[in-house]
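Shown next, in structure tokens, is the structure this report addresses.
A, B, C and D label the chains in the order they appear, each numbered from 1.
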Amino acid sequence: MKIGWIGLGPMGTPMAGRLLDAGHTLAVFNRTQSRADDLVSRGARRADTPAAAARDADIVFSMLANDEAVESLAYGGNGIVAGLACDAVHVSTSTISPDLSTRLQRAHQEHGQLYAAATVLGRPPAAQAGELFIVLAGAEAARQRIAQPLATLGQRVFDLGEDPAQANLVKLSLNFMIFSTIEQMSEMFALNDKGGIAPATLYEIMTNSFFSAPVHKNYGRLIVDENFDPPGAAVPLALKDNRLLLQAAEALAVPVPMASLLRDRFLAMTAKGEAGLDFAALSRRSRDDAGLLP
Amino acid sequence: MKIGWIGLGPMGTPMAGRLLDAGHTLAVFNRTQSRADDLVSRGARRADTPAAAARDADIVFSMLANDEAVESLAYGGNGIVAGLACDAVHVSTSTISPDLSTRLQRAHQEHGQLYAAATVLGRPPAAQAGELFIVLAGAEAARQRIAQPLATLGQRVFDLGEDPAQANLVKLSLNFMIFSTIEQMSEMFALNDKGGIAPATLYEIMTNSFFSAPVHKNYGRLIVDENFDPPGAAVPLALKDNRLLLQAAEALAVPVPMASLLRDRFLAMTAKGEAGLDFAALSRRSRDDAGLLP
Amino acid sequence: MKIGWIGLGPMGTPMAGRLLDAGHTLAVFNRTQSRADDLVSRGARRADTPAAAARDADIVFSMLANDEAVESLAYGGNGIVAGLACDAVHVSTSTISPDLSTRLQRAHQEHGQLYAAATVLGRPPAAQAGELFIVLAGAEAARQRIAQPLATLGQRVFDLGEDPAQANLVKLSLNFMIFSTIEQMSEMFALNDKGGIAPATLYEIMTNSFFSAPVHKNYGRLIVDENFDPPGAAVPLALKDNRLLLQAAEALAVPVPMASLLRDRFLAMTAKGEAGLDFAALSRRSRDDAGLLP
Amino acid sequence: MKIGWIGLGPMGTPMAGRLLDAGHTLAVFNRTQSRADDLVSRGARRADTPAAAARDADIVFSMLANDEAVESLAYGGNGIVAGLACDAVHVSTSTISPDLSTRLQRAHQEHGQLYAAATVLGRPPAAQAGELFIVLAGAEAARQRIAQPLATLGQRVFDLGEDPAQANLVKLSLNFMIFSTIEQMSEMFALNDKGGIAPATLYEIMTNSFFSAPVHKNYGRLIVDENFDPPGAAVPLALKDNRLLLQAAEALAVPVPMASLLRDRFLAMTAKGEAGLDFAALSRRSRDDAGLLP
């Protein structure tokens, strides 16, 4: 297939690389052009604009940092919508608002194009290994068309049906599950630490009993090791995802008190100079409040 | 070994039964005597008082509902402390306060007896199958003495060392992990439900990706099925465990905002006539706040 | 003076009326034109656009519902900025975001115009009586120019200095003080009610001891009387003001946990069909959680 | 009248002094006897036990730090109950739990004695000046008997009727109103400070508009001046009062989320070495979370 790829950050690069390795023809666009060098040296074509990457493609993927980036690269004369052929598919894999997903779908429909949201769960090593979890929603024609490349990217695809905004809402919800699990464990690590039980000991008990999911093991390990710098994903990204969740919850009139708590935690991290750390450093807030920080 | 057992509720009965089946000589005490009938018919001796169950025993186990029950059966002329022989061991498996555990240890020490806390994670079927997780702490002599019967009761024993109060703190912490995971999932079930994604769908995605621990699967299943009545464990028990956690956190000066949230949730359940349901019905509070209850 | 007035809602109408009564020449604009009828019959000139109301004016006031309304009437060919003469002053009295105030100031500066934010505290009867509290900020020239008409509108002007965004931040903060005082009283009304003490009794004690401010008396009275319908100001307005506060707090990296709680309360009100009530019906949430609603 | 007084702390001493000055015969007891010296030099009789202070008295007042102190001085052979004459009245002015008040009433009834709770709002200077606010409840005979001395102690008595526990619940509620107002103002002081508006400026606006109650003026002043040391009343006292409120709310099944927030704040103060400060230093928590502490 002819595939366009917009966005070559820590997630987009290994994902695009897998499609290239699988034999697809790849055109890539990234604002900072040098990030495309490696893929170009492996056979990808460099595109100067999102429109150029989308032109001639059967499918164009976007993997960008936030709503603002997607809006600026999707719309306008050089944007994805302007470049994409009739009946071709735009697959948004970014963690963006359900609302933007709905607006993108409408824009593509007006141009006779297809749109799907295929949000992904997993960090860069999982992207590299094709072991992402993918949450998919969009028009059936779009979902069928992209099934094969998605199988290259992820270990499992959860298909939600027609409404792309739902894939974005689920993705925000899964991220919330990560953040709130970190908070949950952090409160207990701090409490038990003051009670004489080391975080590593509690971690051992938790992850070998009822709390043995990847979310417990992976993030609990980061916390126990205080392995926050350099960050896998830094605080502003988590603050952004949580903000999108809060906005979606407001639009649907659903109180989410744990997300409110997370908001205040991430703001305190920002205020106290921890914004550059991995968001798992959220655990420092419980330790700070407990008088455990130096 | 000669073993005494105090407390034949839904957990104590199958646990005592396993020890009997393993060939130990068993003396049992329960306030409501008829609850001992089955074990007696299988060969256990009925004791009229906690002291009588403890007398002649190498080890006496207690599995009771709360601090008040333990205090009333441990102390006084007919209590465990009065009946237990010198050098024999009292193993408290109840979910009680760390503070009471410390006081029990002191009382037993003053009588030349040994004491350990061996708190258990798991519901009655796991007790039946000997698949409990056990968190153990107490004097080394006590821990050695009880190792074999504990292996009969649980699939794994986590040994914390000398201070019995730590086993109680960890147990309260693990229960908090359960309660707060329920709240966490419940907020997302309600949010996604209003966004058009059924709880069963989100459950499927969560438990097949990063959120695949028993805590997610077991309690998520109860929530999705709204399987709250009859309760496996009802709201007052969860409110009590959470209260003990809050008290321990106050004693150690550790803020635990998620536990504060849980407190308010359990109180609302009590006020709104949900106290008789399984504590997983906590999920109803998120649904109610979101306008999803009829 | 020649004064333009944009926005004739429940607050704008009596405020504009006072300026007319004080002898100023008044041009008025409102989207729904009929709302200007009364002022026109008293001598005001009807303007067809915001620009027309601003043209020839020494000062143009705007009193609008939210950021969106202000943006749509300030900018564009028919907007305030397009119509206002050089050196004339735009006074924004609306409860809008500090961020929009900063952008308005910049736009007016670029056109050689002056801008000030003069936010007001008080409900329509206070506007009628000229007893509003006014929080003022903006360039000194602007503040001097508008001092006299502001004295006609309010009983007291608090002058914050040069930065208009500060007047908006303070206004949002004062509204937060109102909302959170309602929540505070509501929790106690519900608690004491279940303890056998009627809300009216607690109100009497509070407002005659340490809690005797207008915020206690006015909003406590609404709660005790359950006087929520028709609303003085309905829930969506409070939800909006609280959202602006949360956004401002995020921009400044300041956790505001009480505002987070209010957010969840207002969302629950929205979800449970209470959006049409006065925001003081926030008290119903505490009563609901306490099992006191029928 | 013949009056006994138990408890000569910062509140009890000036209150007892007023009764002495009003011409009553006074017998005083305090654990640390030297605290009675001044009153004895002014004509009071020193009693060696609470019972001795109660004996011969028409009315015995108690003003003690907490439930534990009241229990230890009320009960037992040397306690108030043992010493008080038939038909004499015990007036508890301490901030204690509603539950203890109910138990005290029962004990006095069993001895043919009368009991009332007369809780007080105000700090030592108000006690000195007889300007306390008094919340009264108890048997009518008791209330009538003590009306005159209460008029000496307070500027106003709020009479709740028969059930003494209600006076204690109201007192805890009023203290909650103080604590939560401090939190409310503190969040706004921190937010506005980061927005460039000094706490003193916001204080000026608040206390001269809708937020002009003593609770705003007195505690806002302490916060603006950072006047926390030496404390008027230190953190452990506030933590205790808030704990009693939370316990009362649990007994009545009423969620009180703001009190939960206060609990976590006071615990963080304890953990971070601020326990010795005035409880108004609660404001430091908002500043800390906002990155404003050095």
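The rule we apply is simple: a residue touches a chain if its C-beta (ideal position, glycine included) is under 8 Å from a C-beta of that chain, and two chains touch if they have at least 3 such contacts.
Quantities reported herein were computed from a predicted structural model and do not represent experimental measurements.
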item: Distance-maximising chain from chain A - centres being C-alpha averages; value: D
item: Duplicate of the B-D contact set - from C-D, A-B or A-C, the pair where over half of the pairs recur; value: A-C
item: Centre-of-Cα separation between chain C and chain A, whole angstrom; value: 39
item: Length of the line joining the C-alpha centres of chain B and chain C, rounded to whole Å; value: 53
item: Two or more partner chains touched - positions in chain C; value: 249, 253-257, 261, 264, 267-268, 271, 289-291
item: Interfacial residue positions of chain A with respect to chain D in the complex; value: 264, 267-268, 271-273, 289-292
item: Of chain C, residues touching chain A in the complex; value: 239, 243, 246, 249-250, 253-257, 260-261, 263-265, 267-268, 270-271
item: For the chain D and chain C complex, residues of the former touching the latter; value: 98, 121, 133, 135, 156, 158, 160, 163, 165-166, 169-170, 173-174, 176-178, 180-181, 183-185, 187-188, 190-192, 194-197, 201-202, 204-206, 208-216, 218, 245, 248-249, 252-259, 261, 286, 289-291
